[in-house]
Structure formats: structure tokens, C-alpha cells
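Structures incoming, each one as C-alpha cells.
The same chain A turns up in both complexes below, where it pairs with chain B and then with chain C.
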Partner chain A sequence: MSISRRNFVKSAAIAMATAAAAGSVASMTGCAPKVNEPINGDSVKKTLAVCRFCGCGCGVIVETLRGKVVSVYGDPENDSNRGLNCVKGYYLSKILYAEDRLTKPLIREDNSLKGTDEGFREATWTEALDLVASKLRETWKADKSRLAYWGSGQQPILEGYATSKFWKAGLRSNNIDPNARLCMASAVVGFMNVFQTDEPAGCYADIDHADVFITWGANMAEAHPMLYSRVMTRKISNPKVKHYDVSTLGTRTGATADKVILFGNNGDLAITNCIANYLIKNKTYDKRFVEAHLQFKKGTENIGNADNDGYDKSEIGQKVDATESITFEEYAKRLEPYTWEYASKISGTPVEDIKELYELFANPDIKILSFWTMGVNQHNRGTWMNHNLHNIHLLSGHYCKPGDTGFSLTGQPSACGTAREVGTFCHRLPADLVVANPQHRRYTEAVWNLPENYLEDIATPGFHTTKMFRELSNGNIDFLWSANNNWAQSMSNLTRFLGRGAEDKRGIFDAFIVVSEVYPTISTKYANVVLPSAMWIEREGAFGNGERRTAVFEKAVDPPGDAMWDMWQLMEVAKRVLQDEKIGQEDAFDLLFGQWYDKDAADFKQESQREVCKSMWEEYRTFSNPDLNPRAAAINSDKDEKFGAKLKMEAKQLAPYEEYIYQHGMTWPVREIDGKWYPTKWRFAYGDQKEGYDQIGIEKYGDKGLAGDASFYKSADHKPSVVFRPWEPPAEVPDDEYPFVFCTGRLLEHWHTGTMTRRVPALDNALPEALLDMNPLDMEALGIKDGDRVKLVSRWGEVEITASSAGRTQPPQKYLFAPFFAEETLINLVQQEMYCPLSKEPDYKKTCVRVEKLQG
Partner chain B sequence: MSAGKVIAGLAAVLVAAEGAFAVAANGSSKLLRPPGIQGEADFMARCIKCGKCIEACPYASLHAAGPAEGAAAGTPCIDAREQACRLCKDFPCVAACPTGALRDVAERSDPKAGYARIDEEVCIAYQGYRCEVCYRICPLIDQAITLDFQAMENDDIHTKFIPTINKDVCTGCGLCVERCAVDEPYVPIRIVTRAEQERDGGR
Partner chain C sequence: MDHGVISSLVVETAPEYTQAVASELPQKPGVEVHGIEGYKIVITIESETVDESHDIANGLMDITGVIGVNLVYLNFEDDKTIYPDGV
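Showing the complex of A and B:
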């Protein structure tokens, strides 16, 4: 009898669980792949991996037989998910094997067919790489403001690291940005402004301790399925635990919450300021915490919207980041207008609901865990809203304690690990460093062994994502390379960016576009060269998830056909572009990458991908272990007092590569005690390092014995900044012509633009179509029935879609929702391109539209 | 293979055998019918196999039963896994029925063509996977299918999100069967049709 897949998975899971109980999984999945009992004469190989999809970052075990993945199941020893997955994870093995995998480089022969799958021919790697490199070099030599790289929060850590190094040190260009700009940028700017260090202080285990959950603009039930399972565990374990869902529409998260609090009109800004106002007015804030830990500021206000391509350089656009210190009393004064009534009038939320939220924060005896994600980040005041959530948690002292903190949820599997930690943004360098800071540039030069001042050229940030695509459409970008993303579906205002709008915005057809991909996507239709890539576990890599957990995925199988590791693609392009270039007296390529790549052999110097990654990791982790490099260490400690400040790079300390395999991932900062490496679960919270507290960080840089046993040692003067951020209206306000507010987002069955999950028949069958969720009363008023085709029309474009009142989301009247996974229903044709002026993250949640019923 | 598997496999065989027996013994099939069915016997007595309901269905969910169905051959039925009933607001199939074999439905919650039943052995939600496709796709979400949250054995941080059928509310439209994300070794959700309910005394 042949063993069915499910039985196989189940028996394998039992075997793993048994092994886990015996404490031997780490050894089973260590450096060398281990083999199991033979099945039908062949051996099953088990390797360690991380799910390819969302920011939860669930660990998985992959089993391969005869070079093919036969099963994937939850890794019981990965502390982020402890052995469970969602239905997408259940089908992970299938994403590799759809029939239309890209297996040969493709070169576009007929540019008039750009925008279609036609007009390509197959090519050899040499031919494709020569062409890509010659175009990049030509652009670079002519005008390096006209080249761009668009990366991803799905790019593995070291691929992002090498790409960033090539772009920033090799090409000395800051025109590199990731799709995390569309997702986490507002959270990043919020963290940097408030704490001067990125990423949440807490961890997923906070869920197990909370008394109250508040989800703000976060549909966790669908977008973070395994974390929501953990939230539900906490709830059913204690009936006193409550969940409030603060949202603009009913979701599956709201459906299981104890209370749904709806708001509109950017009312979240007013509600949070109202809570802060009464915390101070009623003296219910945490006085000890405020005095010990906080400083107060105000920032530039009335900042308008990025409604023109010159916004960033406009007078107001250049001032948006400015802040100045104010007193606590001045801060309180600024909050005074935010009365219950005013906040209620702005938001449409009943006063009692706002009071109920306030009462939670005013209560020092409960633990409040706020989660927020895209509803807060994809917001024309996304950075401000991140500030306001930190503000109410900090003022009330509900911060930095297990179960009692604010937690910004991440969207993508390595938005933290790659985009944020490696720094593949146009303004960043690795490990919280930024291009604009001279000390940061000196430190980076030290780690990269560059001559001092070599990076002076990149002191000014490059094009952020929307700017990049705006300039592409304006004809000001000649070369674009993208990988691990699908910009032609996920960018906002696709009408403009795909050249379907104004005549003078069709630069996409003239630029030379390179897409590294695994399947045909809309983006490959616009490519001049398509490079076939190794997918997920067809190469070794690592992701960093939403709780600062770095985890390695081992190579399990070979890529199909001629598909190649992106790292190899990068090396081959870099060696061609940098041919005969020098940095100081040294060959540029060899100085940057010679440690790992032999350009004459066209191959890596190390024996295996494991060894390549291990060696490159050692350089990368020098950023957070300055003692590994004396030149870097001197800058870190400001030995010569040139900079007037220490960098405290150890605040993000990373361990040697193999530790991440042995320990099935670890949350940084990772600390060594007596030769053993321990993760930090609760940053800035004092306690035993071995229990997950930030003992070593605080002892090195912070202060013991302060209120809440917290010490924010990375913040200026060790004091996070509470910045007053007022209410300002959405970029678009509904009117007679565009009376609906349209929101997009993810649903559980599909990952992002669906290029992987829609190729899994079971997932495609489970959710085959993107529907427009409408309120039944709006449908009745417009004579629209379930299943009717309608046209959504915005100021930006239009798209046809099928209307539904089925209730997947339940929008209130005049609100709409549709997911963005379906390429045949390209809802980003109607999405606005307006972004938060601080974070440059577009607002995908409130484009104003009208709904027209289509005849027939 | 575990003992549980063997039993589940045997059960599947038994169900199949039972079905064949039912046709032979009662002369009636256990077909899933369109909305508006008031009982299998009532339906069989009135249906003239005119095919008007099949023509009226905008989703092509209805087809005529094949010759293997004996007396029921030519009557309208639904293969839920293939294409389920979409519970149209205006029920064009019912409106088209000239004999009242399909009748008396006004709201989407009115039809009673059967109810869904989940096989706990095969459904992955019962193993703790966050799936619940059937729940989220249900046209009567939070009414016909609700979620029951159950603690997981040997796992103190996760909860099972168990889709739970409310037999009295479920219309038997079959959309959950069509969309179910599992099909190996078989689809773990099926519709217990009116014919089956009547035959089994409403079980």
C-alpha cells in the first residue's frame, strides 16, 4: 500500500516530536543533512527551514526523497510556532513544483511587446549576464542617479547584505529600496524617532502573559494566522482576557474579538491623542515611568500630502522630519483639544468606546498588548500613528514588560531580517546605521575594509520606492533590477506606473528592466531580461521574522533547469560591472566579494552554500560585534572622541551562523555566556539573560533600578521621545464623485500577489477570486447583487471586479475591501500613490472611489 | 499506517457500500438537490425533469442526474465539489420550476438541501492548522459554520480553530465542499443530503 502524503506527514511529525522530546532535533538538522530510515530503498533527507510566506516566520522541517520535496511540516523546536502552521504552510512543498517555473534566462527581443509574455527568446546565462551588466555599467558610468534596485522583505538576509554592499560600496548608489517600504517603513521611522533603534522590544511570548489585546489596523486572524492562534490560546485559558479590535471595517479578527471599535477619517490619530490627553488630565499616567524614561517633543505639522513628484524637495517636504524638545506641560497643552467629544466627532467612534479604551491604559494593574500592522503603517500619517501608539503605551507605563507592551507586527518573512537589519533601504546601512550620519559611514567603511571617507558619495539618501517608480514613469530611470517581489502588481497607482495613464508617464517602456524570478508574473511582462532564480529551499538562506528571530533555511533540493541562486547572479553581474575598477589600490570586486567569489572560475570559493553563508555572515555580524574588527571597535566606542557619541552596535548583537541552526533560530540581541549563546526576548527589560531578559545590554550600556526595571539604553539620553502628533485628514476625503473609502489587504489563503499560492491548486480552489466586499445596504442602493460585475473608479484609475456581501470582511456603509492577490483583478490600478511624508510608505487603505454597476 | 487510518479507510468503504445499498433498496438516490427542495419524496413526486432549473442557474451548478441514478436519472442535482450552489438572492432555479418541486424559499437562509458534515480524522483544522477555509467561505458565516476554539493537546501556545456546523442553519449549498483545501485521502467535508437525512431518520 502506498503511503499517502498526509499519513506520511503525520508519521514524520510524530517522529520529529519524539526526537524533539529526546532533545535531538538540533542534531538531526545540523550542518550536514541527516538521513532517516529508508523508504522503498531510498533515503528521506530532513532539513531545517522557515516558512516562505508571512512575517510570523514559522519554522518548518522539509523532507526530501530522490531530490524532491515530499513533505513540509511545522518545526516543533522553533520557538516562534513550535510545530504548527497555517494552510499555506501545509502546502509549502507544492510551491516549488508548478509547471511554469522559469528555468532559462529570457531576453526580450521585441520591445513593442513589453507588457506581455511575448517577445522573449531563451538565452544562455553568459549572454543574459553580459547584457544586464553592460546596461548597468553604461547607466552607472553615464549618470548613476538613473539606475535602481528594488528588493524585498522576502529576500534572504545575506542576499540582501551582498546586494546592499554592491549597490552602496560597489556602485556608490543609494538607489536601492525594498518592498518593505510599502509595508513596514512607517513602523521603522516610528521606532527610530522614538527609540533610535528599530524593531519591537518584545516577542511573541508576550501573548502568553497579556490580559488585554488591542489590535489596531491589524487583521491578525488572516494575516498572522499562527500568532492569532496563540492569542486565542491566551483568551480561552482565562476568560478575563479581553480583545478589542480597532479598525475601519469588520474583519475575521473583529469577528472573534470581544469588542470591535470602528473609526474613520484618520480618527485613530484623534483617539490615541484623546487617550493621552485624559491620562495626563486625570493623572492616570505612570508618573515614575514618565520621569525616569521619557522626553517630549513636537514636530512639523500641517505637512500636506505627497501629491506631486517634487513633494520631498518642497519647502514643507524637507521639514517633515524636524522635531524640537518641549516640556511635559507643553505636551499636555497640545493634547487638550482632544476631548472625548472632539475625538468622537473626528473618528465617528462613540465616546463610550473611546472611554473604554482609555480605561484600559489608565489601569496599572492589567497587562495590555497592542498589535498593529498595515492599517497603521499604510496610512498617510503612518509614522505619526506609530508615534501615537508608542506614546500611549509609554505614558501609561504599559511598555517593555512581558505581556505589557506595544508590538508592531511585520508583514513579510524577512522585512526585519533583511530590509531593516541589513538596511536595503535608500537611506540605510546595516544594523540601524544610516547613510546621512558620518560616524555610521566611517563604521561601515571599517567593516567593509574600505578607505576612510570612501562612502562620502552616498551621504544623501537615494530614491525611495514611490520616488523610484515615479521617476521610472517620468523617463528618468534607465536601469531597474528587481528580485523577490512583484512590483507590477503590488505598487500603488499602477495606472501610472505601468504606463497606462498619461502620455508623459510611460518611461517603463523605455527603461531596461531586469527581473529575477521563479515564475512568470506581471513584472516579468515588463522585463527586458528575466533571470531564473533558485526558489526558497533550493538554496541556503536566512530570514529574520517579526519578533527579531533570525532563522536559517538549509538548501534541500537543486533548482530546476538553469535556474540559479540570486547570490550567484549578483556576483556575476557585479564582477562584470566592476571590471577594472579600483577601490584605493585594490581591485574593486575582489575587495568587496573576493573572499567568497572567484571571478575567473565563475564560482564561489567555499565548498558549499553553507560555507559561503557562514563566511559572509561572519562579516555581516561584525556590524553588531565590533570587537571582531579593531578599526570598527574604535569608532563604536568613539575612542578618539571625534563623534561625541558611542554607537552601541552590540545592541543588535548576532551570534555565529551555526548557532542559528543548532538553536532553530534566536531573537537578537544574542549574548554569549560561558561559551553558550542566549537570545533576548525582552529588550530593555532588566532580568536574567538566560530567562530572555536584556541583562547584558543594560549592564553594558544602561541603568539598573529604574521604573519598570526598564532601561532604554539605545535612546538619546536613554530617554525615548514622546512626540506630539496631531490629527490631520486622510489624503483623500469622500465626496459626491468618489463617495467610498476603498481598502486592500491580505487574506489567509494567499500570500501577497499570489504568484506562489495561486499555483497551489488546493489554495487556488479555496479562494479562486478576489471579490469586492460591500455593505449590503450600499449594494441595495446601487442595485448591485452578489456576483454582479462592477467597476471601481478612483482619481487614479479603474478596475472591474465582482461584488460580494458574503461577509469575509464586513465594511460599514461607504467602505469597501478587496484583496490584492489576483493579477486578473488588478486593484492597485485604482490605489492612490500618496505616501506618509515621513516614511514614504503609500496609503493602501483609503483611496476614494465610486462603484459603477456593469451591464450584462 | 496507524489504526486510526485503517478505521477511517474502512469507514469510507462502508459509506460507499451503504450508498449503493440505499439506491438498490429504496429506489431513491442520495443526490444533493437545488434550493427549494422540501423533501426527497416530495421532490421526486413533483419533478418532471423539464430541465428549466438547470437552464436558469447562472453558475451552471445544476446538472441532470445520470442513468446510474435509476428513477432519479434526469432530475437536477449538484456536485458540490465541482460547482456548489451560490444561494442567489432571487433563486432563479426555484422561480423557473413549473411544478413546485422547488418552492418556498425567500431568504438565503431558507434552503434546506442538506447540511455539511466534517470528517475530523482528515480535516486539518482538527490537527491545529490555521485553515478554516470552509468557515470563511460559508455564505452564512458565523451562523451555519462557527468556530469552536479548543485547547491543543501537548501544546500550550496554540488553539484549534474548529469549524463547527450548525445543522439547523446550514442550507446544504455545498460551497464549503467546493472550496475545502484538503483532498487527500479524500475531501473531509460533505453534504448530508435531504434524501440521506430522511433515510437515516434525520441523522
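Showing the complex of A and C:
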């Protein structure tokens, strides 16, 4: 670049960083570099984007010149990150440009080579789409229980919306589930059971107000670096702020905490019940809050484990969701066994540590912000543990106040926006609606302009993720389409699901598998057709992050080669599968997608992706704005009193599409006041809407003046449910044969299965190998030295891996950790396939294993 | 440097180390300090490639007293490993 441009870029870079350091959004806005002047006749174009990686959902601005990305910077006007990015931001654009991008559709010619990169030929889109659609249609017509779609919390919102509409209304199949089942399902069921609404009440700005942080099973320093940076900023700004890390092993998060509290044996359940017990016993709970806001329940107990394919339909499996009301006194009675000593005995945590946690919750004068994520969710009692965290925050009144609440962190950039809000799950419909509820089906029919009762066919949930892959391995799935995920590496029990077990299952080899992808992965090795996709800013999209923030990313560059937008892929498959099909008297495809897609022209009707998204968003946001559709409005208000309840769909109100661009993302519900849209940062907390409180929601549905200025108007009787959830043991407990507890997870450099980050040499060099972190005393006892190759053996499978006492985590004795990013290690070959019986989310944290030293 | 990749970052420090870190930073390749806001230090890194910039930024975590390194701005139109023929 020229000297004058270089000087300009550098001074802009300094100004941006200075403003970000000062932390004033107002001052930063004016500092955005004005680089739109022509450079040799070409202009630098600026577009809005959201980071492609973790669940933080940081805003970025992308600058392009002559169709190429030349710079990125943190978006100062996105309130999630306020101008800052973590160091992964260096590679946001580079992930577009690795040499092996998929640019042509691939068709497998030799099925005997399935499981390898061989046996494919390049194909035209027409050939590939004809083949995919014919296989899907054939399966659909023969037996629609044998088709499946596996989506993602990385799928943009509207692509998820259209996929869900095609699957649920076009094919009338519920065999669609996202990889969010592997990360957030326990949080979802927890929220739904406690609050009857799936959402965190708080927001990232809570960090700036908290006096105490507690991380529960959350390695934020590596998995949510921007949020953790904000935690550190808060701590430094006020030395009295403390951080407790409650974990099963030492992590970078623990290393910077004021205190690490270690536990094992599902002891988190016992510790939280112990805290609740003494809050009541010592009368240190928040009496006003409890009386005003809470109801108490107990649920089915002794629920065993989902250790067989028929668990969900077993007698106990069908009862796991059942609850019944109990009195506060009965709840207190159930907690009584959870004494300091009992909780300590179960968890291995010293009594004084549990007491220290209790003292925090017993103190009404401090603000406590709990964060939790995969350690809590990927748990054979993950839903119960979500309950227990809500329970102690609710009992103590530390809930839904700025800086004083429980916050479930998400793992993926749109786990909330797409998987949860759109409802790409086997039991869900958009906007918190569920297939099993007739009023919800009627409402969805109204928004989708379907004949009444058309969705009766999908009243029963389909296969959840583990069930889907179990049935695939059993040979009961003939067609699988996956997008935005890498199931062949991220699923549990890969020994079974990749057909490598002793009881070799042919399913994966016999099924017709379609993978939409941007790079070759282990999942594409098992594909029959690979569809090359446009990624990130090669198309327009939107993500919904962990704090309910919806944010748009604009198309900035063209995809390489023949790679195409997933939305186009979906339309082209849908029009072929639905050819000559009718819904009522109308052409099925045109009724569902004709507003946006011209099937004869094989193109969208709108002139740009912006206009496609804007138009589709208008339909999607009708779910949360029933007044836009009179038929839906009548069902929402239960005008004819057919259902006996109002739906309150406005409680999650979304704004017109452009508002999200104009405002650089907003947290829902968004409310219109005098023609201007305002986000809600603090749900169920009464205050000025313009300051981010839930004023309009509470005035419409709730009650003012209750304890804590809270009103839980989405909950049944406006009262969240504190459900007693006991301690029950892990699915596997260590024994002589398998004496170690093995945990897997993510580390800073690599995003999930590494399909993007491992293509960046610097990131791969920084963390080139998945190491097995061991305690030095265990290594000594087994005669293992750093760098030795070992075999990790579980009841499920085995892998070879390099042992280390100097890895990123520090496990206590008899605990092990290894990340799952490395395809060559494929650590999930040893993972158990047990899941939380309520949420169906697998437990990736507690498989029992042994370690064998390999010779040589 | 009159070409190459430019990035700006905010380096967060433990308050008692801010001055020491600010003194040490300019010794790192391509690093310039442009200001201090409380315990946060504003720097630029200039290097040949994005990879080099990233390595330098990552290495800053090893300086005693550094608790966080946040990227703000990154321009790489001169990175020949990404655009061998320029933009």
C-alpha cells in the first residue's frame, strides 16, 4: 500500500485501539476509520459482521477492497464486545482462504471407499442436486421415519428457519436436530422447566456490575475469551470483586480465579443442594422473593441412564419429565440430608469450601454472577444441575438484577439464535413453540399459511441427536443431510457411530449421506454427496448469541468456485423433492417458499441476499409479532377460548430486519417506543425500557412492585418452579478396570473440531496436538513420562494419544483431560454414549477409562 | 516498516505491572506503544504476515503482568502469503 494509505491505516488503528481501551462506545463511534476514499480508483467497502467462532457473538467490521477482505476490526457499536476481539480475530478472514476449500460438488462413485477422501468425482450442481433430491424423495415416499437432518448452532438464523420449515411443513418430519443438542440442550430444558421460557434473564453487561463471579464447569478463559476479559476488567476495576471457579480440574480460568473449588462424582448436585439446605435451615434465603415469586416441585427420581437404544420409551424413560407440586416445607425436608458433611463426602470438596460458597448466597448485600456451560450441560444429570443452579439463585433472591443472576453461557455463535429461537430441534417449532402442543401447531400453521390441522402429522417429536445416530448405526436411517457441523468427529461413542465396533454396524455405510461443507472433514469422508457451501461473509446471515443478541453479518465477498449459499442449496433440493406435491389446493413449494424463490428461474425473486433475508425475516418475526397476522393473533390471544390459555408470543418480540443492521445487533425482546426500537437487556426486571429493562413486557403481562422489582410473567402463575433434584451418581464410576475419569472440551486456539482453525498454520503451530493431560503422580505410578504415547481405553473404544503433565489443564489424581479438535486422535472413540435423560444431551465429561503405556 | 501487516491491540495488565509491561513491550519485534489508559496499553504490531503478527501478539501473554491481549484492528492487504499478487 502507498505511504499515505499506510499512515492513514496506522493512525486509524491507533485511534480505534485507544478508544476501545478507554471503553467509551460514544467516543469510539467517532473513531471508526473513514477509509471510503478511493484507492487507485477503487473504494474500500465496509460491512457489518459477527465473529464466526464461539458463542460470545462479538461484532466485527470487515473492510474489502476489489472484492477481497483487507482488514477487520472489533465493532465498537456492538454492545457484546465494544470494539475488542480475542486473538482468534486475526484469523477471521484467513479461514476463508485455505487451499483446500471445497469449490465443486462431489459425488461418491465408490461406496467401498466410504470413510476415506477417495472414491469421489466432481459433479455439476444439477447432477448433485438431482441425486440428493431423488434419494430424499425416495426415502420420504417409502418411510419418512428413515430420513434425518442434522443442523447446527453455527447455522445462520434464517437458514435454520427455512430448513425447519422445509422439514416440518414440507416433509412433515420431526427428524431434524442440531448439534446444539450436544452443548445447550440441558440448559434449554432447565430454562423451560423452571421458567417456561428458554432464555437467560441477564446479559453480558451484568459482568460490569457483579461483586462475585462463580464459574461452574466453565473454562471461560479459553472458551469465552472476550467475556473472560470483561470479567478480568471488572476485577481489576474493583479489587474487592472475587472469582470462584468450581470445577473438576485446574484450567486457565482457575489459574486466574481467587479460589478454585474442586469436586468429583457429580458432587455439584450435592453442593448446590447443600447450599439450598442451609439457606432455608439458617433462614438466610430471601423470604420476600420466595413468597412473591416461587413455586416448589419434585420430579421423577432414580432415573438411571440412557444406556440402551430403547431407554426413552422404557417405563422410566417416559416418566423423566414428570413433576408434581410440593410445599416449601416439603422441599426443605427433601434438602435436609444434604448436610455439609454429606455434600463433602459425595463431592470430595472440603466442608469449608462449601461453606464459603454458601456464605456468598446467604449475603443479600453482594451481587453474584454465576456462569455455567459444558461442565454443567454435558452431564448425565445436566438438566438437574441447571435446575439446582437456578434454585440457589432464586432462593437467595440473587436473580435477574444487573450483576446479580445466573447466566448459562452458550458454546456456538448461533446456538440461541438458530437452534433454540428458530427451533431446529426434533420437538420444537419456531419461537419456543413445541410440536406436541396443539395450540402451538395451530399458531405455526397460521404463520406459515397452512391449512388448519396440517401439522397434526408432526405432533410427536422425532429422533433427537443420539437417537438419530443410534438408528443410523442400526441401519434404520436411509438418508441423512448435515450442514454446519462435523458429526463424525463431535458425536459421542464414535466407535459405534463410525461403524468401527466389534458389533460392526453397517448403517453408516449403507445410508445415503449428504454433507454441506466448506472444507474436507472426517464427515465428508462418510458422505455420498458433498455440497460446497459459501461460508461466513460470503453470504448474508444472522446469528443470535448467548445474551439474546440478534446480529446480522452482511455479504462482503463472493464464495470461491462453485460454492453456493446454503439457502440456495435448500431451495433447489426442496423444489425437486416437493415437485407436483400439493398443500391443500396449492403447489407445496410455492406455498412454503414461493415468496422468495422462483423454482423455474432457479433463483431468488429478490434482487439481493439482503432483500431475501429481509423478506424471510418478516415472516419469521411474525411468530413474535402476532399482530402482523390476524389468524395468528386470534390464536395468540385465544380469542375463541379453544385452548384455555394465551400464548404471549410478543414476550420475545423481534424488530424489523434493518434495525439489527442500524443498531449493530439488539437483545430481544425489542420494543417499539415512538417509532424507535429498544432492546431488553435485563429480562423480568422492571425499569425504564430505554435503559434496557423489561418495562413493556411487565406492563403487558406481569406485575409491578413485587420483590426485587421482578416479574416472571412467562412462568406458569408467574412463578418459576424450584424443583428438588437430588444427587445421583455419574453414568460410570471408576473401578479397578477403568480407574480414571476422562473429560473432553475445547481449548483457546481451536474452534470445536478444528476444521477452520487447524487450517491456519499459526493456530495449528500454537496447539498442534491433542495431548492427554495427566496428574504427575498418576504418570509416575504408571511409569509414564511426558511425551510418552499411551493407549486410552474405555468400555466404548480406545485411542492412542501423547501423555503430558504440562498440558493446558491440571487434572487432579485419577482425572484426565484431552481436547476433541484433533481428527487424527479422534478422542470421542472412547466417549460413552449416555445422555441426560431429560435433555438427551450426551455426557462428555465423565467416561471411565484406563491408561496403558505403549512400548517403544 | 513501510509495508506489511498492521494491527492494533489493547494489552491488559495487572495494575502494579502496567509501567513495567509498557517498558518491555517495545522490545518485542514490530511493537510500538501508543498510550496507556489505566491498566490498558494501546499498541500496534507491524510485521510481514498475519501469522507473524499473531505469534507476536500471542507471545505478549508471556510477559509478566500481562493478563489479556485483545485485538482491535487488523489490516493485511500487504500480506503476500494471502495475496501474492497484491489486492
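The definition used in the following text is that the second predicted complex is superposed on the first by the 815 of 856 C-alpha atoms of A that agree within 3 Å, B and C clash if a C-alpha of one lies under 4 Å from a C-alpha of the other, contacts with A are read in each partner's own complex, and residues count from 1 in each chain.
We adopt the following convention: a residue touches a chain if its C-beta (ideal position, glycine included) is under 8 Å from a C-beta of that chain, and two chains touch if they have at least 3 such contacts.
Predicted model, so just to flag it, every value in this text is computed and none were measured.
Of the two partner chains placed by the overlay, only chain C lies in contact with A:Ser93; chain B stays clear of it. Of the two partner chains, chain B is the only one touched by A:Arg252; chain C is not.
Shared-chain residue A:Arg108: touches no atom of chain B or chain C.
Residue contacts after overlaying the shared chain place A:Arg381 against neither chain B nor chain C. Contacts of A:Ser71 after superposition: chain C is touched, whereas chain B is not reached.
In the superposition on chain A, A:Ser229 makes contact with both chain B and chain C. With both structures placed on the common chain, the touch criterion links A:Arg82 to chain B but leaves chain C unconnected.
When both complexes are overlaid on chain A, the residue A:Ala766 reaches chain B and chain C alike. In the superposition on chain A, the residues of chain A contacting both chain B and chain C are 1, 3, 6, 10, 17, 83-87, 89-91, 226, 229, 232-233, 236, 256, 762-763, 766. Touching chain C in their complex are the following residues of chain A: 1, 3, 6, 9-10, 12-14, 16-18, 20-23, 33, 63, 65-66, 68, 70-74, 83-87, 89-91, 93-94, 97, 226, 229, 232-233, 236, 256, 760-763, 766. Taken together, the chain B residues at the contact with chain A in this complex read 1-2, 5, 58-59, 86, 88-90, 122, 124, 127-133, 136-137, 139, 141-142, 147, 149, 151-152, 154-159, 161, 178-185.
On the side of chain A, the complex with chain B involves touching residues 1, 3-7, 10-11, 17, 82-87, 89-91, 207-208, 225-226, 228-230, 232-233, 235-237, 252, 255-256, 747-749, 762-763, 765-767, 785-787, 806-808. Chain contact summary for the complex, chain C toward chain A: residues 2-3, 6-10, 12, 14-15, 34-35, 37-44, 46, 50-51, 53-55, 57-58, 67-78, 82-83, 87.
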